[in-house]
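After this come two complexes, each holding chain A, first together with chain B and then together with chain C.
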Partner chain A sequence: MGEYVLYTLLPQIFHGLVLGLSLALIATGLSLVFGVMKIVNFSHGELCMLGAYVAYSAFLIIQNFWLALIFSTIIIGVIGLGIEFLAIRPLYGKNPMFSLLVTFGISMILVESARIIWGPNPKELTAPLKGFINLAGLNYPFYRLFLLCFTIVLITGIWIFLNKTRYGVIIQGASQDREMLSALGFNVKIVYSLTFVMGSALAAVGGIILGPILAVYTTMGHDIILSAFAVVIVGGMGSFPGAVVASIIIGEVESVGSLWIPPTIAKTFTFVIMAIILLLKPEGLFGEPGAE
Partner chain B sequence: MNLVQNRFVLVIGFLIFLIIWPFFVPTFFIILATEAAVFGLFAISLDLIMGYVGLVSLGHAAFFGLGAYVSALLILNFKSPLPLTLIIAILLNAAVGSIVGFLSIRARGIYFAMLTLAFGEVIYRIIYVWKNLTGGSDGINGVIPPPLHFGNLFTLTLSGPKNYYFFVLIIVAFSYWVCRRLVKSPFGSILQAIRENERRVPFLGYSLRKYKLISFIFSSALAGLSGALYSPLAGFANPSLLEFSLSGKVVIMTLLGGIGTLIGPLIGGIFLTVFELFIGSYIKNYLIIIGFTFVLIVLFLPRGIYGFFQYSIVGLFSLIKKQVFKIILWKSSLKPEN
Partner chain C sequence: MKKMHIGCIIVLLGFFIFSQASGQQKTVKIGVLAPISGTYAGVGAHELWGIQLAVDEVNEKGGILGRKIELIPEDDEANATLVVRKATKLITQDNVDFLVGTVHSGATLAIMSVAEKYKIIHMVPVSEATAITEEKCSQYTFRAAGNARMQANALGPWTVENLGKKFYFIGADYAMGWAGVNTMEEVVIKHGGTSLGKVFAPLGTTDFASYLGKIKAANPQVLFINIAGNDALRIVTQLDEFGFKKLMKITGAPAIIDTNLLPAMGKASEGLISVGRYFYPIDRPQNKRFVEKFLKYSKGEYPNQYSEASYEAIIFLTMGAEKAGNTESEKMIKALEGLSFDGPQGFTTIRPGDHQTIRDKYIVEIKNGKIQIIGKRDGKDVIGSNLCNKW
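Now for the complex of A and B:
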C-alpha cells in the first residue's frame, strides 16, 4: 500500500499539479482577456501551439531553450497584437459571440499555417533540464519539478502585477468601467491591445513549457483550449484565484483519473465537473454572481 | 398577389429543375449534390437554434455523427428499412438532445457555446472508446442504402446514386417545409423573440427554458436525420463525423449562408461542400482559405451571402423608392398652393 502511494499515486499527483499549474498560466491569459475585454479568445489554444512551434524552430537555431522561450513569447505577443488590431478591434461593444466566432476562424487559420510551415508530424521539444531528483525515495523528473516552481513564481508575479502596480490597476480599471477609465485620460484601446498581447504571451509561455511534456502537434491547441474553457467555467470567468484553483482541480482529475481509466475517458470527467459546476453555481467557484 | 404567384412559379420551376438535371450529368455530380443537400440540412438544423433562438452550439457534429452511427449500425446489423432507420435516428437523437439540451440551456451565450463544445467532446469520446459497438477509430464501413419495399407491390432500389439522390431530395425538401412551418408558426415567433430580447419574453408569460429546450431537441433530431442520411451515402460512419472540426464547419456553413433564414444555411451548406471539393482538389491546405473567408464574413457580412443579397436588393429598391418619392414630393411642393 505504501509503495503504491509512493511510486504510483504520488508521482501522478505531482504530474497533476504540474499540468494544472501550466494550465493555470494559459487559463489566466484567457481569463484576463475575457475579464478586461469581454472577449472569449477561441484561438488562445492555437497561440499556445504556435508558441511551442516557434520555440522549437528557434531552439534548432540558437540551441538554448531559455532564449528560444523568450524569443517565441515575443513573436506570439506580436502576432497577438496583429490579431487584436485586425480582427478584434472592430468588434468591441458588439455581442461577445461575434468575437468568439472570429477567433474561431483565426484558430483555423493558425492551425493550417502551422501545418504548412512545420508539416503534419509532431515535433519534439527537448527539455532544458534533464535527470531526476530524489524526493524522499521518489525519483521525479527535474524539469517537472522546475516547472512547478517556475509556474508558481510566474503566476505570483502576474498577481502582483495586476494588484500592486499602477499598470495592473489600470488594467483592472478597464475591466470594471472602461468609460470611467477613458474619462480619466487613459487610452482604453491601448490598454485593451496590451491586455491581449499579455494574454497571448501567457498562452505562448504555457505552450512552450508544456511542449517537452506533451508533444508539439498542430491540433494541441484544441486539446488545450478545451481544458482552459473548463478551467475558466469552473473557476469563474475573469477570476484570477478561480483560474488557479480550477486548474489544479482539473489537472489532478485528468492526471490521477488516468491511473484507473484510459486518459481519453479521464478527460471527459473534466467536462462532467464543468457541467456540474454550471448547474449548481453558474458563475463558477470564484465568479461574481450575476455575471453572464 | 403577383409577387406570390411569381414566387410559386419560381419554386415549382426550381423543383422541376432539381428533378430533371440528374439525368443529364455524370454520376459524380449527383453524389456531390446529394452530399451538399445532406450538409445543407445539417446547417438548417443548427440554424434553428443559432439563427432563430440565438444559441450558438459548438458541438453539433455530435448529433450528426450519432445519427450516422445509428443508421450504419441498424442497416448493417438488422437490415432495417431506411424510413424506420431514419425515424429511430431521429428519436434517439431527440433523446440525447433532450439530455444535453436540459443541461446546456441553463447557460447563455458563450457559456452555452462552451458547454455544447464539452458535451460534443464527451459524446465523441464515448463513441471513440466503445470499440465493440462502434469499431473505435476505424468506424463502420460498407454501409449501403437498403432497398425500399412498398408492401408487396414493388421494390425500389436505393443503392444507385440517382435513386438515393431523389430519396434525399424528398427528405430534405420535406424537412425544409416542416422547418418553414415551424419558424412561421407562433412557436417560431417566440423563438425569435428570445433571440431579440431574452429578458422580456418571460414577462409575456412564456417559459424561456421550455422553448429553448424544445428547439434544441428539434434541432438535434434534425441533425441526427441528416447524419442518418449521410452514412448510407458515404458508406461509412467513423469518429471524424463527430469531431469538433465538423461542428466548426457547420457553424461556418450557417453563417456563410446567412443566419436567421432557412434558405441561407441550405445555400451555405451546399456552397461549402462544393467549394471544399473543388478547392480541396487544387490546394492542399484549403482550410486556411475557408478560415480567412469566415473571418471576413463575420467582420463584414454578419448576415451571410443570402442576407447580403436580400439586404442589398431590398435596400436598393427602398432607396429607389425613396428617391422617386422625394422627386414627387419636390414636384408637388412646386405647385402653387391655393
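Now for the complex of A and C:
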C-alpha cells in the first residue's frame, strides 16, 4: 500500500499538478481578457500557437530559447494590439455575440496563415533544459519542474500587478465600472487595448513554454483551448484564483482518474465537473454572483 | 453598334462550339478525400502528393483509356460525419468515376458505405484498420495500403525474437488505435510473448505524462505504440523526456516514424523500431525514380508509405480500367481482383477474396535521425488468412 502511494499515486498527483498549471498558464490570459473586457476570446489558443511558431523561427536564427521567448512575446503582443484595434474596438458596447464571432473568425485566419507560412508538418521547439531529476523512483524532466516554477512565478506576478500596482488597479477599475473610470479622466479604450495586448502576450508565453512538450503545429491552439475554457468556466469567468484552482482540479482529475478508469472517460470527467458546477454555481467556483 | 452585336454573337458561338468540342473529350474524374486540415494534415499532404504524381505520370502517357484524369480533392477534416457529405457530393454533383480516400479509418469506413450505395469503385490509400478488408469489407473497396494485421504479423514475431518477451501497449482511443493494439497483442502472445497491459489515450492527448507511470510500473521490455499524427510526435518526445528509452525498447506502428514527424522529433526518434511496407531508402530502380520525382512535389520531403500507397492507388485504378476496357464498376471489380504491379516498394498483388494488397514488409530502426532497414518479411507470410466473407 505504501509502495503504491509512493511509486504510483504520488507521481500521478505530481503529473496532474504540472498538467493543471500548464492549463492555468493558458487560462490566465483568457480569464484576464474576459474579466476586464467581457470578451470571450476564441482566438486565444491560436495566439498561443502563433507565439510558439514565431519562437520556433526566432530560435532558428538566434539559437537562444529565452531570447526567442521574449522576441515572440513582443511580436504576438503587437499582433494582439492590431487585432484589438481593427476587429474588437468597433464592437465595444455591441452584442457580445459579435466579438465572439469575430475572434472565432480570427482564429481560423491565424490557423490558415500559419499553415501557409510554416507548412502542414509539425516543428520541434527544443527544450532549453535537458536531463531529469530522480523523484521517488521516477525520472522527472527538469523542464517540467521549470514549467511548474515558471507558471507559479508568472501567475503570482500577474496577481501582484493587478492588485498591488497603480496600473493594475486601473485595469481592475475598468472591469468593475468603466463609466466611473472614464469620469476620473482615464482613457478606457487605452486600458482595454493594453489588457488585450497583455492577454495576447500571455497566450504567446503559454504557447512557447508548452511548445517543447506539445510540439508546434497549426492546430495546437484548438487542442489546448478546450480545456482552458473548461478551466475558466469552472473557476469563474474573470477570476484569477478561480482559474488556478480549477486548473489544478482538472489536471488532477485527468491524471489521477486515469489510474483507475480509461483515460478517455477521465478526460470526459472534466466536462462532467463543468456541467455540475454550472448547475450548482453558475458563476463558477470563484466568480461573482450575478456576473454573466 | 450592330457590328458589336455580331461580334458578340460570334464570340459566344465560338465559346459554344469550343465547349462542345472539349465536352466530347470527357475526363476520368477521381474524387479524393484527404484530411487537408487538422491533426492529420501532414499525412493528408502526403496522400495528395502521391496521388498528384501518379496522375501526372498517367496523363503524360495519355491518361486512362485515352481520357485525361481530373482530380477533385476534398478536405474530410478526419471527420467521419463530414466525409459522408463530401463523398456523396463528389458522386452526385461532380459525377466522379472513382473515389480515393482516406486517412482516418472511421472516415474511410464511412466512405465505404457511400461507395457501396452508389456502386462506385473506392481505393483506400492510407487507413490501416483491419475491419476495412475484414468484417466490414466491401466489393467496391480496394486497399492499396496495408492493414494493422499485416504490420503485427511482420513486427510481432520479430520483436519477440529480438527485443524481449514482456510487452506493454498504448494506442489511440478509436478504431485504428484499438485494432492495431489488439492484433499486435494477439500475435505477440501467439509467438510466446506476454502482455503486461494496454492503455488507450484519447485522440488529441497533449500530455502523456500521466500514462507513463502506469507503463513504468508494469516494467515491460518492449513498449508498442499505435498512435498517429501529432499525438505520435508528442508521445515519442515525452517518452524521451522521461528517459524511457533507457528502460525499454520502443516500437510502434509505422505512424510513429512518419517522415513528416521525424524532423520535429529530433533526437527523441533515435532507436525507434517500426515496420512498414515502404521506406524511401528501399534499394530498387523503380523506387529511385519514384523518390526523385516525388521530392519535386513535396518540395524536399521524402515519400513515406502513405504517399507511396496513394501513388499506387491511382496506378491500380489506371491498370484496372485499361484491363476492363472502361470505368464501369462491375467490370473494374473483376479487372482489379488479382491485379499485380511492380511498384516502388516491390511486387504488389490485390487479393481477390478481400481486396487487400499483398506486399512485403520491412523492419526498420531510426539511426542518426534516418530510417534504416534492418529486416524484411515476405508478403505471403504476413498477409494472414482471408477474413472477408461477403462474396
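What we mean here is this: the second predicted complex is superposed on the first by the 270 of 292 C-alpha atoms of A that agree within 3 Å, B and C clash if a C-alpha of one lies under 4 Å from a C-alpha of the other, contacts with A are read in each partner's own complex, and residues count from 1 in each chain.
Methods note: contacts are C-beta pairs under 8 Å (C-beta built on N, C-alpha and C of every residue); 3 or more make two chains touch, one makes a residue touch a chain.
What you see is a predicted model; the values in this text were computed from it and never measured.
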When chain B and chain C are modelled together on chain A, clash or fit: clash
Which of chain B and chain C A:M97 touches, first, second, both or neither: first
Partner chain(s) touched by A:N121 [first = chain B, second = chain C, both, neither]: second
Contacts of A:Q172 with chain B and chain C, given as first, second, both or neither: neither
Contacts of A:Y7 with chain B and chain C, given as first, second, both or neither: second
Chain B versus chain C as contact partner of A:P282, first or second or both or neither: first
Contacts of A:H15 with chain B and chain C, given as first, second, both or neither: second
Partner chain in contact with A:I109 - chain B first, chain C second, else both or neither: first
Touching partner for A:F271 - first (chain B), second (chain C), both, neither: first
Touched partner set for A:L259, first chain B, second chain C, both or neither: second
Overlap of the chain B and chain C footprints on chain A, listed as residue numbers: 111, 115, 262, 264, 267
Partner chain C, residues of chain A touching it in the complex: 7-8, 11-12, 15-16, 18-19, 22, 111, 115, 120-124, 126-127, 132, 138-141, 143-144, 210, 212-220, 223-224, 254-255, 258-259, 262-264, 267
Chain A contact footprint on chain B (complex, rising order): 56, 103, 106-111, 113-115, 117-119, 121-122, 125-126, 128-129, 244, 248, 251-252, 255, 285, 287-288, 290-292, 294-295, 298-299, 302
Chain B contact footprint on chain A (complex, rising order): 40, 87, 90-91, 95-98, 100-102, 104-109, 111-113, 115-116, 222, 226, 229-230, 233, 262, 264-265, 267-268, 270-272, 274-275, 278-279, 282, 292
List of chain C residues in touch with chain A within their complex: 37-39, 41-42, 44-45, 173, 199-202, 204-207, 209-211, 213-214, 216-217, 230, 233-234, 237-238, 241-243, 260-261, 263-266, 301
